[in-house]
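Across the two complexes that follow, subunit A remains constant while its partner is subunit B and subsequently subunit C.
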Partner chain A sequence: MGKNVWDMLLGFFAWCCAILLVGSMILIIGFLILKGYKAISLELIFANTSPLEALLFKQQVFGGLFPAMVGTFFLILLSIGFALPLGLASGIFLAEYAPDSIKKIFSLCFDILAGVPSIVIGLFGFSITVLLHHSFNSQIFPCLLISALSLAFLVLPYIIKTTQVALESLPLLLRLTAPSLGATKLENIFLVLLPASISDITSGIVLAIGRCAEDTAVIMLTGVVAVAGIPKSIFSGFEALPFYIYYIASEYSDQFELMKGYGAAIILLLICAVLFGISHWVKEWLTAKTRFSY
Partner chain B sequence: MGKKQIKIQIKKLGFYYKNQQIFENICIEFEKKSITSISGPSGQGKSSFLMALNRLWESIEDAKVKGTILMDFGNGFEDIYHKNYSVTELRQRVGMVFQVPNPLPMSIYKNIEFPLKLRGEKNKTIIAEKVEQALTESFLWDEVKDRLSSDAGLLSGGQQQRLCIARALVLEPQVLLLDEPTSSLDETSARVIEDLLVQLKKKCTIILVSHHIDQVDRIADNKLVLSDRRLEQK
Partner chain C sequence: MQHREHIAGIIFWGATALSAGVTLAVLGFMVILSLPIIKNDMILEVLTGPWSPDHGLFGILPMIVGTLCIALLSLVVSFPVSLGCSIFIEIIRPDKPGRFLKKFVKLMTAVPTVIYGFVGVFLLVPQVRGFVSHGSGMCILSASLMLGLVISPTMILFFSQSFARVPKTYLNAVDALGGTQFQKLIYLLLPQAWPGILTGIILAFGRAMGDTLIALMISGNSVVLPTSPLDSARTLTAHIAMIIAADFDSIEFKTIFVCGGILYLMTSFGIFLARFSAGKQN
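This part shows the complex of A and B:
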């Protein structure tokens, strides 16, 4: 009887927590859309420039969000591009090759790295830039490349951890299947173990993409500027949506500017949604490729 | 009948897991083209014994083997633990089937094709021929020939286990190790696999770990019991 009541209470509590979380998410997104949907227009993105010309990078957009969208997009692409190979390789090393003692030390290091506040990583990137500027080449300034590298450091622990955990949680029987048929360790990892854990690894990548898209502290110190236009190269400054939102939120002068901030927030969410969609599609494609093509 | 031919010679074999001795000092010989059964209580190291024969224990952390295993693959007895002996080649010659069917998360065809691809076979006609042959030998061809591209995980337990046997057979191994291959199957599926093993005896030396006394009595030529760290004739 008593046990039953506790069961019910626990169930009730669990339901409440779930509803609270989902509710808050709906509340935040709903608030954003309600406040900002009026601001969404082609003009918000492209201002007075023709969209086609802007999309072909023929004409710079002034006063619109387009440069910030492009900046954010390339920033995410570059950061994930740096972090993914490194993170996957480290995760594979920890799960499959590292002896226990090294595994313990490295895991601790990556956990600490995961806990470092992003502003500290930003400061670190900034310090490195200053150091390089003074002692190496005075042409080195905060730029897209340095921002992307710093962000890569920020998200590296997520990718490492998810890869490691995904590989380690595979059942022993699956692990032994390919070796029993004559596969080398490397073949086993790439033909069986990684494909089997791709779904878990993708969720780590999605988390990393989200983090790259939203982080402001790192890029603020390492390359983002309020007005830069489309970045000309990875060595130039760039605009980014989260910084734009932060900037508007703290320094807006009138209602019209504030509305642009809301619009930018919605667009940032949309970009994330598109990227999540793409990573999901890549996951499905990879799974199908390793699975059923006959 | 001629003189008995020996396929495998084991001398002073010991197996250790996390510094704990599982068995020690096992000396035994296995005859060519016969079925030898190993039974005995759980936890005595029957699976470990099989894994010593294809060196699969090397993929398991904290496991260790001592002793000598010699096998004759046509060039006289060779030490499979010799430092120059290729473990990949060994595992292509010594096939293994596990207690629980373990098809890879791929199509039926790809499962059988997998070991051939590992070996470097690229000719699609040869692959197709060998896949069909292996599936036929394992009594599965007729049941799956129309759905080779469907997920192997959708087959029944008995079919999955025969698929795993076919996957081991496609490399034409000379020794086949089976670790309680029918323990997760119903009586009918188990009988099909027993018939299959009797057929395979013509080509392979089979070592079968089994708990079922009836099964052992039905198909084994030679019966061994592993208990108290010793492997002895029943």
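This part shows the complex of A and C:
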């Protein structure tokens, strides 16, 4: 059977599109790496401070990326800390407790929240700060805590959705075994259903961590600053990698600063790629493990 | 024992209500904080006027137009490529190259937008400037090209997902009748999968509209109504990011809540549409 012209055109078009997409991504990443690989060094991160002293927070790092990396790390820790319990509980409720009609309304709510632009979430966080500033304590300003809280709102719908879908996709056989042996609903959820869907949930959480690491719009409005050093408390301003990259792109004054921007971009890209890899690996590896057990 | 079950149920319920409350609270804050503008009958002026705070004009029309232009153009750039890629994944080479492309596209979702913006500033903008030979190169076109790349994974994954959902028996029937791949696409896959394709387009449009960094970094942020793709423009999102430093009691500042409200309502409307069209395929 000879291929006809339309088929060949279709194949040609599809190949072109695939090559265009992959090509432009390679161009972007390649440009970044080619221009910036020279900047990658311990000095980029720690400047003139000794790495060990900096890591133990004994000495402030001036001019390096270390404060920004620590800021991003604390930001992730706090916002996942806020979002995780709330998201897990909501996901469990939607999958196991909610009747269909309520489930529909709530999941529409969370879809909308997932679609709200991150800058609007940031604006929300900012107005909460202003509200608190005026009505409770005039010492409250945009800070690490507010940023983390806003970021938590941003990733909350993802965590809820992953938990809900992971629980709902469990086979009926597994779902009924424990109750038929006399387990209560709560025991069934915590001892059977959650452990069985742990791989999907974990990989979703890791993706949420990636979003916390990369989002710039939210923290821009809620307390990130260009130079702050290591944050002293959750009520102080902080630095973060993605904001630093944005800041350098618009405000750099010399070649040296620009190179630091390239370095920061490569580091952030690496962090996100590693997180994505972990999420992927957790899914494959843990799924293989848990499937073996039932 | 019974007691514990009961409490756990209440906690789960409470958490869900709290999370849903956040969704409503965001809208509530936007509406309440833009009330001064609505009350003073300024809303029409704000929605349809030009932006010139020095002359007492606080219209956000240029930003609304800018947002729509950039989002639409990025969709126009990205849609054919995304469709081509999903055809590649599902029809042309479902074997190794297709699987590789799908993994690659998933990996693309992990790339931070600020990286696209950064490379846009130092690679794309100079190219566009050289090509157009006037202006700074920061224009609607530059932003749309970069944004097109950012939203393509959303579309590709949705398109190929809805292609894959077409029943295998239909595909076999086309093969058995001696249909070509092109016929399979035109007469079976596209008619069957169009709700999914529409859903993908709507969600991608929402992403394009909601993105801040790319527009802020490479669209030039001018407040004049754009007349061509080579003009600089400012989006609603970028406008919020730029005005946030203004005095809290100024009118300028209050308009950004109108911007936030508009963005919220437009994206929610998109979600409604997407849900409606996604429901069609099942």
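Miscellaneous remarks
Everything below uses one rule, namely that the second predicted complex is superposed on the first by the 238 of 294 C-alpha atoms of A that agree within 3 Å, B and C clash if a C-alpha of one lies under 4 Å from a C-alpha of the other, contacts with A are read in each partner's own complex, and residues count from 1 in each chain.
By definition in this document, a contact is a pair of C-beta atoms (placed from the backbone, for glycine too) under 8 Å apart; a residue touches a chain by one contact, two chains touch by 3 or more.
Small disclaimer: the values here were computed from a predicted structure and weren't measured.
In the superposition on chain A, A:225 makes contact with neither subunit B nor subunit C.
Applying the stated contact rule after C-alpha superposition, one finds that A:174 touches subunit B and leaves subunit C untouched. By the touch criterion defined above, A:183 reaches subunit B but does not reach subunit C. When both complexes are overlaid on chain A, the residue A:76 reaches neither subunit B nor subunit C. When the two structures are aligned on the shared chain, A:151 is found in touch with neither subunit B nor subunit C. Touch counts on subunit A: comparing subunit C and subunit B, the chain ahead is C.
In the superposition on chain A, contact is made by A:196 with subunit B only, not with subunit C.
Residues common to the contacts of subunit A with subunit B and with subunit C across the two structures: 184-185.
Those residues of subunit B lying in contact with subunit A across their complex are 54, 56, 59-60, 88-89, 91-92, 95-96, 98, 100, 102, 104-107, 109-110, 114-115, 118-119, 148-151, 167-168, 171.
Taken together, the subunit A residues at the contact with subunit B in this complex read 172-185, 187, 191-192, 195-196, 290-294.
Those residues of subunit A that touch subunit C in the complex are listed here as 1, 3-4, 6-7, 9-11, 13-18, 20-22, 24-25, 27-28, 31-32, 35, 85-87, 89-90, 92-94, 96-98, 106, 108-113, 115-124, 126-128, 130, 153, 156-157, 160, 184-186, 207, 210, 213-214, 216-217, 220-221, 242, 245-246, 249-250, 261, 265, 268-269, 272-273, 275-276.
Partner subunit A is touched in their complex by these residues of subunit C: 1, 4-5, 8-9, 11-16, 18-20, 22-26, 29-30, 33, 80-85, 87-88, 91-93, 97, 101, 104-108, 110-119, 121-123, 149, 152, 156, 178, 180-183, 185, 203, 206, 209-213, 216-217, 237, 240-241, 244, 248, 256-257, 260, 263-264, 267-268, 270-271, 275.
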